[in-house]
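Below, subunit A partners subunit B and then partners subunit C, in two separate complexes.
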Partner chain A sequence: MVDRLLPLIVVVPLLGAAVLVGAGRRMPRLAAETVACACAAASAALACAALAGPATAVSWVGDWRPRDGVSVGIVLVGDRLGLGLAALASVLIVAVLTYSWRYFEEPPRGHAGAFPALVLLFQAGMCGFALTGDLFDAFVFFELMGVVGYALTGYHVEEARPVQGALAFGFVNSLGGYATLMGIALLYARTGELGMAQIGRRLDAAPGHDALVAAAFVLVVTGLLVKAAAVPFHFWLPDAHAVAPTPVCLVLSGVMVETGVYGVARVHATVFGGPGGIPADGTRRVLVVLGVVSALTGAVMCWQQRHIKRLLAFSTVGHTGLFLVGVGLLTPEGLSGTCLYVLGHAGAKAALFACTGILLARLGSVDERELHGRGRDIRGIGLLFALGGLALAGLPPFGTGLGKAVVEEQAAWLPALFGLVSALTGGAALRVAARVFLGAGERGHDERETAGGGEKEPETAGGEEEPETVGGEGEPETAGGEEEPETAGGEEEPETGHRIRLPPPPMVSVAVALLAGALAVGTVPALAEATAAASFAFLDHAGYAAAVLDGRATGGQPGHGGEWWTWSGAVLGLLSAALAVVLAAAAVVGLVPSRGWSAPLRRLHSGHIGDYVAWTMAGIGLLSLLTLW
Partner chain B sequence: MTVLPYLVAGWIFLAGVHGLATSRHLVHAVGCLAVTQSATYVLLLAVGYRRGGTAPVFSDTPPGTPVVDPVVQALALTDVVVGATVTALLLALVVQTRKRHGTVDPDELSGLKG
Partner chain C sequence: MTRRARLWVLTAGLLGTAALFAAACLRMPPFGGTWHPYGDRAVQAALLQRTANTVSSVNFDQRAFDTLGEESILFAAVLGTVVLLRRTSGERRVTPQPASVPPAVRRYAIAVLPLALLIGLYVVAHGQLSPGGGFQGGVVVATALHLLYVGVDYRALERVRPVGLYELADGVGEGAYVVLGAAGLLAGSAYLANILPLGTFNTLSSGGTVPLLNAAVGMEVASAVVVLLARFLAQALEIVDEKEEGRERGERRKRE
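Up next, the complex of A and B:
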């Protein structure tokens, strides 16, 4: 029964998108958005219903079932983790659609269905990627997700920056996708199979070290790591997140990036995890090294930003690095901790983006310095923002804190890394909250403030007049005169058509609900137990193949109680949250030198597509070295 | 089967990447991305090649005739569709870049850095 439902999780959003594209021109906006919400919610409900089912759901499309473990069909596999990711993506899509209900107040010219249709396609791509058991299908869904992502990032095509961010996103991600396809072709050449379970079995039939399999691993993982924004594949992410419409950022940061981490874990567990694949040491080295570098780079860069959306984007890079470390430990506990961390992070990060969107809609800027003290009259939003920052820092009992605590127990050096990265990213968010909503600290001198952006200036409907489009928008705010690359947030256009006075209830309630979700992850023991069992099953290389090809159910691992809060974990979470508060306070009163010392690192983020491509190739070289060491 | 097609595929991939990294014109860069992708076509078709095999169309061939692998051809077709989508979307973005930034030289796009 559940097996039959599985394709619907992907098909319903696709159908909804087709209806909206076809009939969107003649639909009033309300109808279009209702259809989109209904489709997204239906898909979310289906994913949750399948999650409640007893075992791994396997659906052979067109009923081309395997005979004696051999099949020519295409398979969808709904194991716990895949379904969980699909459910998370669908729920976030519902949140995005609700959020944008009032967000894009000005409907897209002549086509009310365009934005909801794109969002539904995005959902279909993510759900398909999470559920597919076929490597080539995974590539197709990967590209679908990517292409829709570029379109959504560049949704405001009338503005200068979004098109640039979307281009960087498009070039780097497509290049990664083609590397993945090369790897898939190599695997097909070796095994004659495209299904993950089948490839895994064929590889295991001839165990031993194999340069071709290693090359395939490097290539396949490259594309997934580009999606996961691991350093040095991460350059597209801050550019895309800084310019994408805020509702899109919710889902890009909350779940799409994590989808890349999921893909790496899935490919490792099903294809390369057996005796004929890549030795566990090699995989562990790749993921842990890249994860640590990403985490530190993301945290340092996050601390340096003044463009709030870009700041949050870099914090995503940092946290994704932590996820990679957690997955890269290759233990069920590490994986289940990472899952909880991802769930909590999705709630907290999406809530932070939602609050940033309210700032942009109300004050017409996302620049930390320009907004100094201007959020005083919406302290409620400030409270939400600060709570989101504390959640990022790993404060118990948020889900981020629980996931962090569970992963940290896996090795002695992990608490230092996780604590530092959580404190820096959370501290940066808290610093923004203190400056913007409390008006704390020095205002910071900035020529921009004299140049314009005065509060009373009535900004007319977005899109038409844009002072910053003419000529390469030189950054006027290199404070102190030294050449320091920086992206300011003052030039962002409010996306609501006109500035809003009071935060509309849908936007606020979405932010509250997302934070509540992050809190629930850390306070509902059943979730942690389910995640632990799911992670145990996920890493079972032979069990996956047996469930898919032989139809042997592998659900319900007995006697595997989930990890739960321990005293040490809670104390470490409190410590990192306290460190975040201290860092934020020190930054606000000017004790922390926030500029200058990281200029070399910042200069690497040049905004140049050629540089990003070169870094991607360097990353492939690094991956090969780490794999073959 | 010789190793030549695989070397050619690798060469095309690297040539496309080199073009992308050094491009001074965004339309040229989109073209380079398409070149990179055509490496995947070559690789896929090379994987499925069988010496002496004919096209996998079974209507007029006697049973037992060796044919090349039809699966990779289906994959290459799907790949072409994906590539067309990506190219079209990126070209549309390049047009918008020209309109909004007044340039198509990646060196002059400096809105996002740091």
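Up next, the complex of A and C:
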């Protein structure tokens, strides 16, 4: 029964969006938001119910079941990880809708349902992508996610920077989408199939890898890595996340970016994981190299931001890099650790964004320096923010800490990388908490002073662009402009329409619930056990095809006790959290220079969409080299 | 980056991608072969479903879930455009002035409008039989309505185009596809299963749910395109930026 109901997880939000658009003009805001919440919650409940089911749910849409292992239809596969991702996305969507309950200023007349409808479509896109077992269908839902993402990012059209951020997001993601489509076409030309399991089987029937398979791998993975914001495909992310409405950031950072990592893992496991695919060494090299570079870039850039949303966005780049490394190890333990890490990170990062939204609504700014000490009277929010920072840093018993510990056990060099990235990103968040909510340290230079002062590499709004590219070449440059030489965040408008006096209960309760979720991931042993079994099944290339095409049910393999806290893992987590606290304290008293020592890296984040496109193309070349080595 | 650096990075990337793609294309199956595993199966399935247009059978029956996704992409894109092109706080609505249209253009538009409308509806209705279907037909229908703008003027278009009604139809079209899919579940089969009687091959009443899904998509696409163009037209003709307007007025006064 669960099998047949699987498509409903995707289509219930679609129906909700249709109702909201159809009745939008006549629907009062309260009704629109209630409908949206009900649909999102129904879909989340369905996903959770399916997760509680015994085995992998396989649903052939239109009842086009395979005969002798071949079919013309599309299959949805509800294995543990896919369903888990759909459930995570749906739960976060419910959190977003609750958070934005009365959060936004009064919507324009006749458009009460537009924002919740877009959010529901976003949910449908993510759930469809997570559940589909068909490569082309995955591309369709990937595009749905993208289209909604661009619109939501540019929601505040009155200002220039959201439009620039949405454009960068749109350009780079569309380019990635084209690459993926070309890769799918190559696979179709070779195998005559579009289903992941079917393509995998056909490739395995003629083992021995060649240029076509390698090219298909590179192209398909490119689009997914763009979504996952891996260096050098990551440039759109900070520009988009810094300007998107805060509730949207919860989903973008919490789960959409991770969807890209999931896509890479899924495509590897089902299509390219067999003897006819890409040798494991090649895949591992691609993912680990890109992951390490992304993790370091994200962490370093994160440390240097003072625009809080941009800071959190770069920390997402860093953590996604870690996820890529974890998945790239291609071991069940690495994968299951990454899953726990993703779950914990979603809670922590979304909670941090939720707190930032409260700051913006109350104080009208997201600039760390401008807000110095102004959060003293909402210390409760400060406590939540600091806890979120500690969770990012991997403090036990948060889920992030558990995931980090499980992955770190896989290789001797991993603790150094994971510790450094966790400490830098967590430390940056703690630094913000100390400055804003405690008023610690110097107030910092005045904004204008910084602007005019000895800064060799002025950052600008919507990206950090080099001044000489602005006027000198006659190219219309990005939004913002030179009068704001740094992405400060002081110019952000409160999204509530007016400044609020007390943090509204829905916003605070969402932040608390998200942090509690991050804590639960690291404290409920059953979850870790289930994840370990699910990861083992996920990487079973032949088992997946058998379950999908031959209807041979693969249940949870017995005898895979989940990874759980070890002493060394807990100590490493405590160490990275301590390092984060030390870094934050040192930065507050001015011992650690937060800027100036990585100007070249910052200069690359120019805000120029042409640059981003060039890097994306270069990234495809880099991927080919790493794959073919 | 400087322009030169950007070009170098881009060139290197393009060359790498081109080399990869060229190498892949050399390993493709030869052109004009007889091995078409999916095509053979799809045609066979289309005949079994008594759908003369195999492409429609693939789009609205065999892979109908993809089409739901594609319809939703259009739906989302239009909704996103509506949101992004909304009248913001700094903007004001003005009444567009009537414009004169050359008589020849007017005669042509008036003559072609009903024809185009009919062709659009025909293309939607015959999706299961001949090339076309909801997507193509829907665009033709929407285009036909806009001949009124070309041939008469904006106010005439506005009279046949109550945007609220088209937004309703947009939602109904999207919702109808979802609900038609759920009918398969209610009938005890799978989601989006073709549960209706298949009818007589190569007649209007064939293909089971294919014509209905085509109609839903046709309705959604036609209204979505109308809403989309309405937003762009409003942005171009009706909405003015108060700041720019003030500046223009100031300049005019200065000149005078």
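Please note the rule applied: the second predicted complex is superposed on the first by the 586 of 629 C-alpha atoms of A that agree within 3 Å, B and C clash if a C-alpha of one lies under 4 Å from a C-alpha of the other, contacts with A are read in each partner's own complex, and residues count from 1 in each chain.
As a working rule, a contact is a pair of C-beta atoms (placed from the backbone, for glycine too) under 8 Å apart; a residue touches a chain by one contact, two chains touch by 3 or more.
The structure presented is a predicted model; accordingly, all values stated were derived computationally and were not measured.
With both structures placed on the common chain, the touch criterion links A:Ala189 to subunit B and to subunit C.
In the superposition on chain A, A:Gly607 makes contact with subunit B only, not with subunit C. By the touch criterion defined above, A:Val243 lies against subunit B but remains apart from subunit C after alignment on the C-alpha atoms of chain A.
In the superposition on chain A, contact of A:Leu175 is made with subunit B only, not with subunit C. Within the superposed three-chain model, A:Arg4 lies in touch with subunit C and out of touch with subunit B [touch as defined at top].
In the superposed model, A:Ala55 makes contact with neither subunit B nor subunit C.
Once the two structures are superposed, subunit B and subunit C can be ranked by residues of subunit A touched, with C on top.
Shared-chain residue A:Tyr150: touches subunit B and subunit C both. Look at A:Ala160: by the touch rule set out above, it reaches subunit B but stays clear of subunit C.
In the superposed model, A:Ala542 lies in contact with neither subunit B nor subunit C. Comparing the two interfaces of subunit A, the one with subunit B and the one with subunit C have residues 136, 140, 143, 147, 150-151, 154, 157-158, 182, 186, 188-189, 194, 469, 473, 475, 603, 606, 608, 610-611, 613-614, 617 in common.
Interface of subunit A with subunit B (complex): residues 136, 140, 143, 146-147, 150-151, 154, 157-161, 163-168, 170-171, 174-175, 177-178, 181-182, 185-186, 188-189, 194, 238-239, 242-243, 304-305, 469-475, 484-487, 602-603, 605-611, 613-614, 617.
If you check the complex, the residues on subunit B that touch subunit A are 9, 13, 17, 20-23, 26, 29, 33, 36-37, 39-40, 43-44, 47, 71-72, 75, 78-79, 82, 85-86, 89-90, 93-94, 96-97, 100-103, 106-114. Across the interface of their complex, subunit C is touched by residues 4-8, 11, 14-15, 17-25, 59-64, 70, 72-74, 76, 108, 110-111, 114-115, 117-118, 121, 124-125, 128, 134, 136-137, 140-141, 143-144, 147-148, 150-152, 154-155, 157-158, 182, 186, 188-194, 210-212, 214-216, 218-219, 466, 468-469, 473, 475, 603-604, 606, 608, 610-611, 613-622, 624-625 of subunit A. Within the complex formed with subunit A, the residues of subunit C that make contact are 1-3, 6-7, 9-10, 12-17, 19-21, 23-24, 26-29, 35-39, 41-42, 45, 58, 61-66, 68-70, 72-73, 75-77, 79-90, 164, 167-172, 174-175, 178-179, 181-182, 184-185, 189-194.
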